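First chain written, first letter: the chains are A, B, C, D and E, and each begins at residue 1.
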Amino acid sequence: MFEMIAFYTFAFLIIASFIVVVTSNNALYSMSALASGMILISGLFFLLNADFLGVVQLIVYTGAVIALYAFAMIFFDTTKNLIEVNSKKIIFLLISFSTILLVFIMTAPIKSEAVTALHPIHQGVGNTQDIGIVLFTKYLVPFELAAVMLLVAMIGGILMAGKKMDMLVANEEIQEATK
Amino acid sequence: MNLSISLEHYLLLSSILFFIGLYGVIVRKNLLMLFFATEIMLNAVNIGLVAISNYYGDLTGQMFAFFIIAIAASEVAIGLGLLVIWFKRHNTVDLDSLQSMKG
Amino acid sequence: MNFDINLNINISNFIDTSTLLYIALFSPIVGSLIAGIYGASPKRIGIGIIVSSLIFLSFLASAGLFLHLYFGGSIVNVRMMDWISAGDLSVPFGFVADQVSVTMMLVVTLVSTIVHIYSIGYMEKDKGFNRFFSYLSAFVFSMMFLVMSDNFLGLFIGWEGVGLCSWLLIGFWYERESATWAANEAFIMNRIADLGMLIGIFLIYWHFGTLQYDEVFAKVNSIPVDIISMIAIFLFIGAMGKSAQFPLHTWLADAMEGPTPVSALIHAATMVTAGVYLVIRANEIFALVPEVGYFIASLGAFVALFAATMALVNRDIKRVIAYSTLSQLGYMFVAGGLGAYWIALFHLVTHAFFKALLFLGAGNVMHAMEDELNIMKMGGLRKVMLGTALLMLIASVALSGIYPFAGFFSKDKILEVAFDTHNYILWGTLWLTAGLTAFYSFRIVMLVFFGSARYKDFGIHPHEAHGFMLWAMTPLAVLAIVAGLFEHQFIDFVTKILPVYNFSEGIHEIIGQLVMVTTAIAVTGITIAVLSNMFKEGLFTNTFKSNFIYKLLDNQYYIPKIYDEVFSKPYRELSELFWKSVDLKIVDATVDGIANCILSTGENTRGMQSGNLSIMLRLMVIGITVLLISAILYSYADSILTLLQGVLN
Amino acid sequence: MNHILTILIFFPALAGLMGFLVDKKSIKPYVVSITLIELFISLYLWYGFNSAEIGMQFVEQANLIEAFGVQYLIGIDGISLFLVILSTFMTLIGVVSISDDTEDLRELLLTILFLEMTMVGVFVVLDAILFYLFWELSLVPMLYIIGAWGGNKRVYASIKFFLYTFTGSIIMLVGMLYMAYLYYQASGTWSFSLLEWYRLQLPLDYQIWLFVAFFLGLAIKVPMFPFHTWLPYAHGQAPTVGSVILAAVLLKMGTYGFIRLSLPLYPDATVYFLTPIAILSLIMIIYTAMVAYAQKDLKQLVAYSSISHMGVIILGIFALNPEGITGSIFLMISHGIVSGALFLLVGVIYDRRHTKMIDEFGGLASVMPRYALIFGIMAMASVGLPLTIGFVGEFLSLVGFYKYSHIMGIIATGTVVVGAIYMLSAYKRTFFGKVVNSENSKLSDLNLREYLTLIPLTILVIVLGIYPKPILKPVDESVKAIISLMHQKAVTEEAKKIIPNIKIGEEARK
Amino acid sequence: MIEPVSVSFESLKIATLMPMLLAISGGLLILLIDLLKSHLDKSIYIVLSVMFILMDLGSVLSLELNSRGFFDVIFIDGIAMLSQIVILVASMLFIAFAFASNRFHEYQYPEFFALFLFMTAGFQFMVASDNLITIFVGLETASLSLYTMIVLHNKDKSFEAAIKYFTMGAVAAGFYAFGSMILYGLTGSVELYKIFEVLEARNFEPMILVIVSSLFFIGAFGFKLAVVPFHTWGPDVYEGSSAALAGYISIVPKIASFVVVMRIFEQLIHSGVDWIQGVLYAVVVITMTMANIWALIQNDVKRMLAYSSISHTGFVMSAIMIGTTQSNSGIFLYWIMFAFANLGAFAMLWASRKRGIRYHERYDHPFEKFAGMVKLMPLGAVMMGLFMLTLAGIPPFSVFWGKLYLISSAINANYTGLAIIMALNSAIAVFYYLKLVIFMFLKDPVSSLDGSAYMTNASISLKVVLGISAFFTVVSIFFVNPILEMASYFVAMSGF
């Protein structure tokens, strides 16, 4: 019963805040709704006994990602009202239609009895420990790869935001002008 | 009436959120806002994964969700980098400004 | 007789008959090549002499062969080499000198020799002198090839060869539009007929498996009659073209654009008789199908009359003679069609002599009149050119069929045959034609040589031709007079291979009357021509000229005009239509249209790639949506169908 | 001399590569000598050819793609022998005909050498993929020749030529692959060898589809009505040498393909489609001849006349008897020589006057008598006058086809009339009459280079017209072999009936 | 409490990880060198990259076939080997483009080379795993590097291209995640072999969910492979990135994606999920045809090549749809053949690239630029013409053999209609390739360029690459058999 109430509450709130994210004409509202949605999702994670992920969700999303977005928003000065397209109606219909289709499809029984958990959740063991063991055995390689990926992202971010880019762009423009 | 929450409930929620994300992707003109929508899509998937993980008692789903979070974070870094560089040159992050190539 | 046998032995010992045959065949082409080498260079009299001698050599060789055969020698048949062989078809270059071909050879080479010698004088001032001789000898070669070949395809070689030479010679003065037009007309019309000829040859090949005369004729009885009649019809279509039978006759009159010796040789004596030769040569085939023969005879009679009527009113001296040729060819076909092949051949021979003579005479007149052809502008020429007048008079008398000139014997035989076979309508037609023939022949003679000298009004100073030209014509004149007397020898000779025509018993009794009647109408014709010309020059009054019949005849029954309107013009217009409307606007445009359609699809959908990121993303989502719909449709196709049925019911 | 065919194929291409090292000024003698050597090699082939032997000779075999059954399999029989010689000969003539002051002479000449490789290749390979390879490759040099040295609309013409033929032949490629698949199913091994394929007996419905696929590729190349429209453009725009080679050799690839591929592989389908194809050919013969008559451009006229003649060739092939097929092969050779010569002749006046419009001329016979003479001989050969080369093939083709159908035979024979109409009227308009245009009055007659190209052709036209046996005999033997193969392979009664049962080799000698 | 995990070192099979480790450590080494001593010449980095890729290649070749490593996360089967070889050889040849004569912005960054190596490693992970997580992370590593590298070209267009590519990529990543989620939900596993085991056990029921998950995979890889309608980034990215990178994009990411698509779809297709075949059929036909048609109307060579490579992708996708061993080995044959031709074509474009010189207000390589090239630079024109004819599928040049084999495989699987469509599309494609040939050979030069303009950016290494690709395309007929045998062997070993 508790689960049900919690689920419906969270679900409703998540949907509501994400709808605000994608429809609001105010960037600030949009971002705040995103942050709240993220937090609410972490609530769902806790509900689903995924404590570790719930925490990660909170830290990474609400902590890092949203902060990044906030800085970006300041940088781009997008606090003013956004201008969106007019032809929303047909897009809206399209999406609603697809959603209905997908929702209809998703009612199909997905669970199978044939499934045996490969990495079962151990009773009485903390979620974090459980995850840690799987992550550092089975998923060690992807984990390290993810590290490389983050490195790539970091290099990318640094390079793109770096001053060197501006400099050389200017150079080329000058060259072109003189020719 | 069975009042317990089944896996399908979570998956439905996941699907709905996914399409809300998609909706955002296709209507947003501000690239930053558009990126928000992609985050929503990934998060929607995460809900589904964790729910399945829970219902099967299998940790793989949580692993997947964990990696997705990592990927989402990296994407944000690169995406914002791109926006910064575009903004520096065009002073806008409006999607309609990206139309020099077509045909 | 001893002497005869000796001669026979002499010839065989002296020179191999096949060598003789080759000399007869190839000396003209040697002459042609020699002349051809100097074709573009200025006139050399020597060329004329060399070429003429080579033709004369050919004549001698033909005469040798003739004597060989005449004195009982065996038929000479040689195979020079293989020509075409593919599958079961095997055609050699084979030549035969039998009684029929040797007769033709003799006629051809004789007339050719005379015409060649004559041409030395006639063409003396022409810059294409050497070229002319080259063409003329090439013609003789082709004609010899035609008559000497021992198979149908060889005959076809000659057939086409004479066509080519005729084209070259009619268009000899190629700067004249009318000449080249006539040349093309002649060639194309002949080609239409050749189509029939080819089909005939195809039929022969597929049903007999061979094209050799002897093998074909040996098998002829084992082939169904309907096939034989088809073969006969198609071969005759070929003959119609070459012999200018209706409706393919128009080219002959137009062919008079060529130099007059050409008209004499090709369009009177030799080439045009090739059709008759074909009928005679293939008599085994034609004899089997009397219906076709009857058709040939009827057409011949019709052409005889038809051409004669056109000759009545024409004012062009050469055209009148050309129509007369046409008319005489009609006679020959009557004989051939009715199965009297030797008579057809006989008339062919005599006609060659007097008609060539007539043309050469006309050539003299033209020469004298500075290429003026209109007989209305002549008159009284006998005073200046007595020799020519005499020669032409002989020829005209022969043509009119007056005893004892050559024409009498051959033409009268044809009438007798027509009467004998109870084809009285044919007889009547021919009889009437005989009268007309006499009339127009003498109309020319009167208008040209008698009466007042109208040419003076036009400032022309006529002169007689060179003496050697007249002398060259003399043999023809002699033959035109005496050839008929050798009728019996001729019969004996050619009927060794041609069927003998047996007159029915009753005919002998009335033959005297028939001759009388025929001669009577001929004399009447002559009389009218002479008398009317004495009283009134020009013969036809102006009122008569406005007569419908006169107009009809004067315009050659409007047939050239009809051909132009019905065939030439539509053909040209249809060609243009095919090119401009069908080929360019339909066939080609379809191909281009497909290409353009693809291109325009590209241009029209180019907007999809608008460069707008939103559109790109939407395309992705649409893609996913479409896939979703298809997934639903695929998975729930059955339930959707039942649902739809429920709704519909 | 075991590898004479390989040498024959690749010698020109190698020489072409080496040609880049040759100095520009001496390039023409170089290329002429190369093509001359090539001609001699091909003549040596003729010398070494044993016409009594049945089957392929000078066969060479090597695996190229073993896993997929693609082989380097080459060999010739009587049919390909003469087409090879025709290619080498016409290439030599074409090369000689190029004047020294042509722009980019070296590129043109070397391109022709590459073209020669592909042409020889098509005629000697016995592997379907290799056949397709050379077939397609031949388009490239031709594209360059038309496109770079052509007239005003050269780009359009060359693209049209390339795309049209390419589209057709790629459908043919699909057919080939399908054929290989069927062979694989029947035998369990991959093979594209035509000799292997000949052994495969197929049911009628497969044959029909495969025949259609091959037909599209071949018919466009021939080109058959209604796929012919690229040809007038290609000829109209191509430089003289391009037209010569195109008409003389490239078109023959299509008809050769019919004989080498369609007929022996699909005898029943051939019979099945006999009447429709015959009707198309009749349209080609009569209709294109009429279109030719309407032409104002002399070269286009010759181009359309080519189509009309190709119609006779197709008819001869589909006569399905030795007379018809042998005749059509001979007609291919004769048409190659005659149309090549006609294009050269048109090139002669084009070089002098830079126009090909018939109305611009008239009276040339008095200005250029020798030119007029040779043109006349070629025109007559084109019209099919006996004792010229044109007659033999035309007669045999028509006589062969006549057996199949009386009415269609008569219509087909109409070619002798319609051919005469356009040829003679063109000749008349060009050569006869008075010299009206003053520019024509000072034209020079043929020069040495033109004599060098035209005299050999003229001699061939007459010599082969009088004595075609050296060619007819080997061709006939090979044709009989193909027909007997077709008869044996045929599965339907109708085909057995129409295709004659011919005994060949030992059987025939008994 | 849970048991402590004990893992023996041997069972890890570290060798299977060796290739990627080499590439990653190469990248790290480059970063380190830069850290220690900056402003080194780019050549050292190029050589280092080539060396590491070479070592990488060596270790790939020494791998044991059909082995799994690192808790089955790494899976080396035939197609993994084969595709890694293709990826590495192509990477090696493309990185040689960096030896450009002109100074280009991206090569000023040592990080560029590090990213390049990371990207290579990412693609290797993608192909050498049947774990959806590893595939995803590998994919993203590679993609994120690629976006950055495009940007480093530092032109307005490259920014735009990267943003478009990135945004669509993010959406596609969402698709991938969603598809994986459904599969996971159906089977409780993210390892493909296990997934199919379970699906088999439950008889692919409910089918609709299997279909929906494949649908999202089609969306995700459709984007990566640029099939219509997910292709729209293609032309813009090709145009925006440097020719060197565009060429790379047209080859390597696609072969990696093909391998993944093969892994995911082949089993489904063979298990009777007809929907996939039907949809792929439609997608393949539309992709081939529409991309060809759009290529017809392009004014820029690079953009034309973009559409053409989309069309080629469609061609190869058909092989996946057909799903026989023959068709799957045909994919590799085709792609190797295509790689060399494309390499040559882009090398030519790259060689003619000069900063500052603009032939057209928008395009770097408009067709007019090449007008009359044969007069100015015959050898270059011949080369370019050769590559164009090769791409058009004119025999005997390389791509023809791929086309031949694929069309044949379509026929053998009774897809005759598809075979004809493929053939007709080849015919359409000829037109736009010919367009460039026509400009080069049949038209007169437009501007007063001299021949050197076409080789302004050429360095020795670039010429070597050009030579290699030209040589390969011309004599490819002799390579077909070994490649085919190798591909068939590897593919058959992998059970496809």
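The rule is short, and it goes like this: a contact is a pair of C-beta atoms (placed from the backbone, for glycine too) under 8 Å apart; a residue touches a chain by one contact, two chains touch by 3 or more.
Given the structure is predicted, the values throughout are model-derived calculations rather than measurements.
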So which chains count as neighbours of both chain D and chain E?
-> C
Pair of chains ranked first by number of touching C-beta pairs | A-B
Which one chain sits nearest the middle, judging by mean Cα positions?
-> D
Averaging each chain's C-alpha atoms to get its centre, pick out the one most distant from chain B.
-> C
If chain centres are mean C-alpha positions, then the most distant from chain D is chain A
Determine the centre-to-centre distance between chain B and chain C, using the mean Cα coordinates as centres, and give it in whole Å.
-> 96
Dist(centroid_CA(chain C), centroid_CA(chain E)) in Å evaluates to 77
Distance from the mean Cα position of chain E to that of chain B, given in whole angstrom | 26
Tell me, which residues of chain A touch at least two other chains?
-> 85, 91, 95, 98, 102, 105-106, 109-111, 115, 117-118, 130, 138-139, 142, 146, 149, 152-153, 156, 159-160, 165, 169
Mind pulling the residue numbers of chain E that touch at least two other chains?
-> 133, 137, 140, 144, 147-148, 151, 163-164, 167, 171, 185, 188-189, 208, 212, 235-236, 297, 431
So which bits of chain C are touching at least two other chains?
-> 595, 606, 609, 611, 613-614, 617-618, 621-622, 624, 628, 631-632
Hey, which chains are touching each other here?
-> A-B, A-C, A-E, B-C, B-E, C-D, C-E, D-E
Chain D contact footprint on chain C (complex, rising order) | 39-40, 81-89, 153, 156-157, 160-161, 164, 167, 171, 174-175, 177, 180-181, 183-184, 187-188, 191-192, 194-195, 198-199, 201-203, 205-206, 571-572, 574-576, 578-580, 582-583, 587-588, 590-591, 595
Chain C partner, complex, touching residues on chain E are 163-164, 167-168, 171-172, 175, 207-208, 211-212, 215-216, 218-219, 222-223, 229-230, 232-233, 235-236, 274-275, 278-279, 290, 293-294, 296-297, 428, 431
Partner chain C, residues of chain D touching it in the complex | 160, 163-164, 225-226, 228-230, 287, 290-291, 293-295, 321-323, 326-327, 330, 363, 365-366, 369-370, 373, 380, 385-387, 391-392, 395-396, 398-400, 402-403, 409-410, 413-414, 416-417, 420-421, 424-425, 428, 431-434, 466-469, 472-473, 475-476, 479-480
Across the complex, what residues on chain B touch chain A?
-> 3-5, 7-13, 15-24, 26-30, 32-33, 35-37, 39-40, 43, 46-47, 50-60, 62-63, 65-67, 69-78, 80-85, 87-89, 93-94
Using the touch definition up top, name the residues of chain C that touch chain E in the complex.
-> 595, 598-599, 601-603, 605-606, 608-609, 611, 613, 615-617, 619-620, 622-624, 627-628, 630-632, 634-636
